[in-house]
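Same chain, two partners: subunit A is paired with subunit B first, then with subunit C.
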Partner chain A sequence: MSASSDFATGTAASAAVAVADEGAKAGGGRGQTRPPSRTSRSRGRGIGWRGRFEVALLTGPALIIFISFVILPVVLAAWFGFYRWKGYGMPSDFIGLDNYRWILEDKKFLAALSHNGFVLGVSLATQGVVALGMALLLNRKIRFRSVIRVLIFAPYVISEAIVGTGWRLLMQPNGAFSNIMDALGLDGLAHTWWLGDKAIAPWTMMMIVTWKYVGFYIILFLAGMQGIPEELYEAAAIDGCSYWRMQLKITLPLLSPTIKIWGFLTIIGSMQFFDLVYIMWGPTAEHTGVSTVATYIRYEGSEANAYGYGSAAAVILFIITFTLAILYQKFIMNRGVENPVAPRRGR
Partner chain B sequence: MSIVKKTRCLALLAAGALAMGGLAACGGDDKGGGGDSTGDAGSGEQVEIVWWHNVTTDPGKSIFQASADRFMEANPNVKITIVPIQNEDLQDKLQTALNGKDAPDMFQQWGAGEMQEQVDAGYVMDITAETTAEVEAIGGMVAPYIYNDKVYGLPYTGGAAGIYYSQDLFDQAGITETPKTWAEFVEVIEKLKAAGIVPIGMGGKDAWPVGHWLYAFIIRYCGIDVIDSDTANKEFTDSCYLDAAQAMIDLAALEPFEDGWLSVSAQQGAGSSSGLLANGLVAMEYSGVWETGQVQSLTPDGEPKADLRWFAFPQIEGGKGEPGDALGGSDGMSCHANAPKECVEFLKYFVGDETQKEFAEQVSIPSNPTAVQYLATESLKEAATGTGETTYLQIWLDKAFGDSVGEATNTGAVSLLDGQMTPEQFVESLKTAARKG
Partner chain C sequence: MASDTTYYTVSGRPRPAPRKNKRYSGGSAVVYLCSVVLIALCMGPVLYIMVGGLKSNSEFTTAPAAFPSNPRWYQYGEVFQNPDFWRQFTNSTIIAVATTVGVVALGTMAGFAVARYPFKGAAGMYSLFAAGLMFPLTVAVTPLYLLVQFIGLLGDLPGVILPQIAFQLPMTIVILVPFLRAIPYELEEAAAIDGCGRLGFFFRMVVPLAVPGMITVGILAFVTSWNGYMLPLFILSSPDDYTLPLGVAAYATEHSVDTARVLAFTSISMLPSLIFFSIFERRIVGGLSGAVKG
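What follows is the complex of A and B.
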């Protein structure tokens, strides 16, 4: 999004807010019943020893768990990455940066990384649009709305292992899907190798991923839409605004924090993508164009008993994901339209 | 006291309780280590043997349980806790457990390279002195469990891999004799195709079934000496590897596999390659001694497949291998270095006559030749005979070469068969894999 369009939507939104304020006043000053923003029971001033003790006690357990199960493994992986190590005993064969060099020279790794890029690109390009459209639809008062919501959310609730096994059985050669297509006389579809053909398998994967995750994003967007004050739409309607114009000028701008979160989740999810590929393709992921860095780590690292090598690959994945996350935080999450309706905290 | 303060105190209490609970749990862990030194137990002392194995389905699972039950009855001071773990999971968990404090006392063992790594790390008990009689009785199959002239485990089942086939489909295609040479084998493939039968089932998705074909070609082209030297040095300079890789490409050119073999799994469900064989949709599958039981579990009625037969992997002209060389493997058990002595006693009982007879009757080829007579199905009897004629049983090459090269061999085999790799690239990938592990 360019700066100018940013500005444009920003002004549009604040115009809408101005309209909304007018409406609120006309409607009997609902805003006045709101409690004052500063509470009188604020503790203020620095915390005493009791406070400190309390903080330590309450954050302690979480901190210990976080350090021992998140920070420590990351540090250990970085350390293992410098060794040739089969996983028995303590690593002792120090080989410097060799593991990293070998990984970055490995075509399989680069292919896996590019597949992550593919997942990310296709997810960003399709899932947001689909989810947004469905959310808009489900945000209206239509028949069977709650049933449809449940159905759409269901795939997200099912464990990825079960989803993978199920789709595998459906899509495998001579599986249910082939048989149905055969029965319908669609020979071409019946004899397509949905999982085994290098040109098709990545799209099969994206279809399943979208099916599985789009429900979650729809709920996410729906929740975001619920947070947009009804008054804005009423005011816009009074001004003779069309439905689509309202979505464009009110919903989209005010949904931008949610959309940014969606983007963030998609990036992280795509980079760490593993379960579905592992279950559906196993070791042949690399032959069918669906391997990811995580499956690479699994097969070239732990399955090959090359734990030093695998750790080094994990460190590379960590660095890539971490960098993407930081960049996203810095350039996308923290800038753009500020929600104009959010109550402004005292400055 | 205000409500706010009251809840804060409760929260403090709760947090404290949680923290202490956590500490207590941590404390408990130190004592619970399975592999710890309950050793040199006097006869009366209570000992527990935690046993991890990969037999998660019946009848094998019940036979193992019954064997343990009988041993516990005879030795009231021993408690055997059995933990059957699915095969692929077991390999991961075992590695982690051996490194940590929760190691099992007795565990699944396949011998060779992987076992040697475990021995070098000091995890496996030397049972040479206690098991001379058993080693004698089992014979050649115990070889992979011997390292530096010491015995570190005993196999309970094993044998040569071979081609399992459906006699009915062979009859249908007018094939009267099983092929002895590669040329005859190619003829069989062509006859089957002419009769509209898919010749070979291939579980490409799991990679190792494809790997098995490549191992067989390597055994035929390279011979045991080259394999032995590369097992030790991981150099892969002999040109026979190129021949073996080329053989994979030539095999694929015959198009003998089921449609979409790359996404067919080996053993899961009726659509797997074993399932296809069980249901008469493919004529042959190259597999190990578990195949008979596997096929049985996938027939519509769960009964043994009546027309299942076995023949040895065909001879290849111009290869350096001896006719008696065969690919195969065994399943065995080891005791952890810190396990109680009773573990060895139980291991000896487990590979003894009683359990071996039950195993032969209901599951597969026993490691002890005296129990072979109890085998129930035609294909197993033929496989046992074939195993008997084997002069050298080469353990699965992914195990022999070690996991790192083994992994490259398996995925390389798939690439070769799918036309994504040249023989030169394949050999290069073995060398690349060798340096990282």
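What follows is the complex of A and C.
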């Protein structure tokens, strides 16, 4: 539930999390992200000046770009946040924590933040279950498996700008969705103000969010299921275990790392949710109960030429996201059932 | 599928069953039914967009969900004749290709250093890049806009490309480091005996061996860049520089009464990513699978 960068970020985060998970296991349960330990062969060997030069050559360009365009903007945001600033020249009108106070007192901001919370809560409550059920169904040798995967992944691959445009037309009160509901005899669901009614719009949004991202989670769970050794199912079958019991006793516990990754991605994605709302609702998002912190930053910050204010809001969002991510890593990622089959160090 | 269940019910001595993916036991009719429903739900809105591009505008009010009585294929044809579409297509392509090349090149180089050079701070550098995953673009986008303005790239394609490379690097490095680490040390030693330094080893051995990993990472970078909306929205203000997602949004606003043409434009715009994804589907799922296993 996030910007379109989610596809990559998603995979990325999943990988990072997986690595962090492994590191934590190896390192006695401390939750630090660190690369797996190096083989003893190369340890303790100095790399000399030539080696250092090569390292600088190899990592230099990536570090420069990464620090300039990822780290620096966040640091700049923290700095701008203390100023009243319209974006021209250097910020000079230092106002301390006033921006932060105004933001935290702004009902619009608090509403936007609560909408992010709504997206997060509903996503956690529904999407995992749906995706897991579908993945279980599809994790069998059936015909057209590859085609089915492509088709359920399609909503995820298409840009938010495109699906947002399509859904906006689809959900007009006299649009195709109402028409279908009419045809199905569900009069109560037809001709509703799906996008404009404050009581309904957030749920419409959640429906579209689920439609857009559930395919990705199905694939994520399917990928996780590929990693579960076949022997376990064979052994269970020999012991006369039923299909559903196998899923409950084998698949679910062994899938828990993937399920935790899903939770992590949902948190990050829900907090930075922007594209779909901005395209489908635009400035009306605020009045229909679907604004998010990201759309707030766009409308109250850069579009209002209030760069200091927008930066302060971004910093607040960053602190909330980072805190949630760290807490999640600390309390959820590093607990749970370990894979009993995976080779373990020190045994 | 009933015949396969016999493997499971064999009692006594376990006999070597064929090692195939067979975790199913009956109920395949239900599975197919669920798949069909799921596909219908996923593809319905996509098909609505595609079919909508063939309708006349009046049909949207008379029969919004029906197929057009007289498909207007020329509305698709008009999109291909629209110079805006081709300009946006070109911009999207330039940005996506440059981002992909940049990310893969820089990510592989930095990933190789972190994975294979035993220098102090390798772990720290890895953590720095991995932490980048938690820096959402949403947070950085306003100062990023100012930064890009400051270095004079506002409204230029490189103003989108450079930040996109930066934001894709964490993912790339996190996926590639385990991959590069898995290349056997024996190879490196053999190369060293033959007088090949680490850099030579990198270019002659690592790069060719890492191609599958680089492809996975490259596809992710390409699709993300192709669909990117927020960053181009902030950086590219002139319609001449619009990418396809920006162009679709702008077209939908400009021609809001001409629903059919909006949908025709939208349909054609989503074709590239759909085609691209169907070609590389296996790579993406395979890459994800590796990432999940960690």
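What we mean here is this: the second predicted complex is superposed on the first by the 275 of 347 C-alpha atoms of A that agree within 3 Å, B and C clash if a C-alpha of one lies under 4 Å from a C-alpha of the other, contacts with A are read in each partner's own complex, and residues count from 1 in each chain.
Assume contacts are C-beta pairs under 8 Å (C-beta built on N, C-alpha and C of every residue); 3 or more make two chains touch, one makes a residue touch a chain.
Since the model is a prediction, treat every value here as computed from it, not as a measurement.
When both complexes are overlaid on chain A, the residue A:I148 reaches subunit C alone and has no touch with subunit B.
Of the two partner chains placed by the overlay, only subunit B lies in contact with A:N99; subunit C stays clear of it. More residues of subunit A are in touch with C than with the other of subunit B and subunit C. When the two complexes are overlaid on their common chain A, residue A:Y88 makes contact with subunit B while staying clear of subunit C.
Of the two partner chains placed by the overlay, only subunit B lies in contact with A:G196; subunit C stays clear of it. Judged by the touch definition given at the top, the superposed model places A:G175 against both subunit B and subunit C.
Of the two partner chains placed by superposition, only subunit B is touched by A:T284; subunit C is not. Of the two partner chains placed by the overlay, only subunit C lies in contact with A:E160; subunit B stays clear of it.
Once the two complexes are laid over each other on the shared chain, residue contacts for A:Q226 go to subunit C alone; subunit B is not touched. Applying the stated contact rule after C-alpha superposition, one finds that A:S302 touches each of subunit B and subunit C.
When both complexes are aligned on chain A by C-alpha atoms, subunit A residues 54, 57-58, 61, 87, 168-169, 174-175, 302 touch subunit B in the first and subunit C in the second. Contact residues of subunit B toward subunit A in the complex are 8, 11-12, 15-16, 18-19, 22, 92, 95, 98-99, 114, 117-118, 120-123, 204-207, 258-265, 269, 271, 281, 402-404, 406-408, 410-411, 414-415, 418, 420, 432-433, 435-437. Put simply, subunit A touches subunit B in their complex at residues 54, 57-58, 60-61, 64, 84, 86-89, 98-99, 102, 106, 168-169, 171-175, 191, 193-196, 201, 281-284, 286-288, 299-300, 302-306, 308-309.
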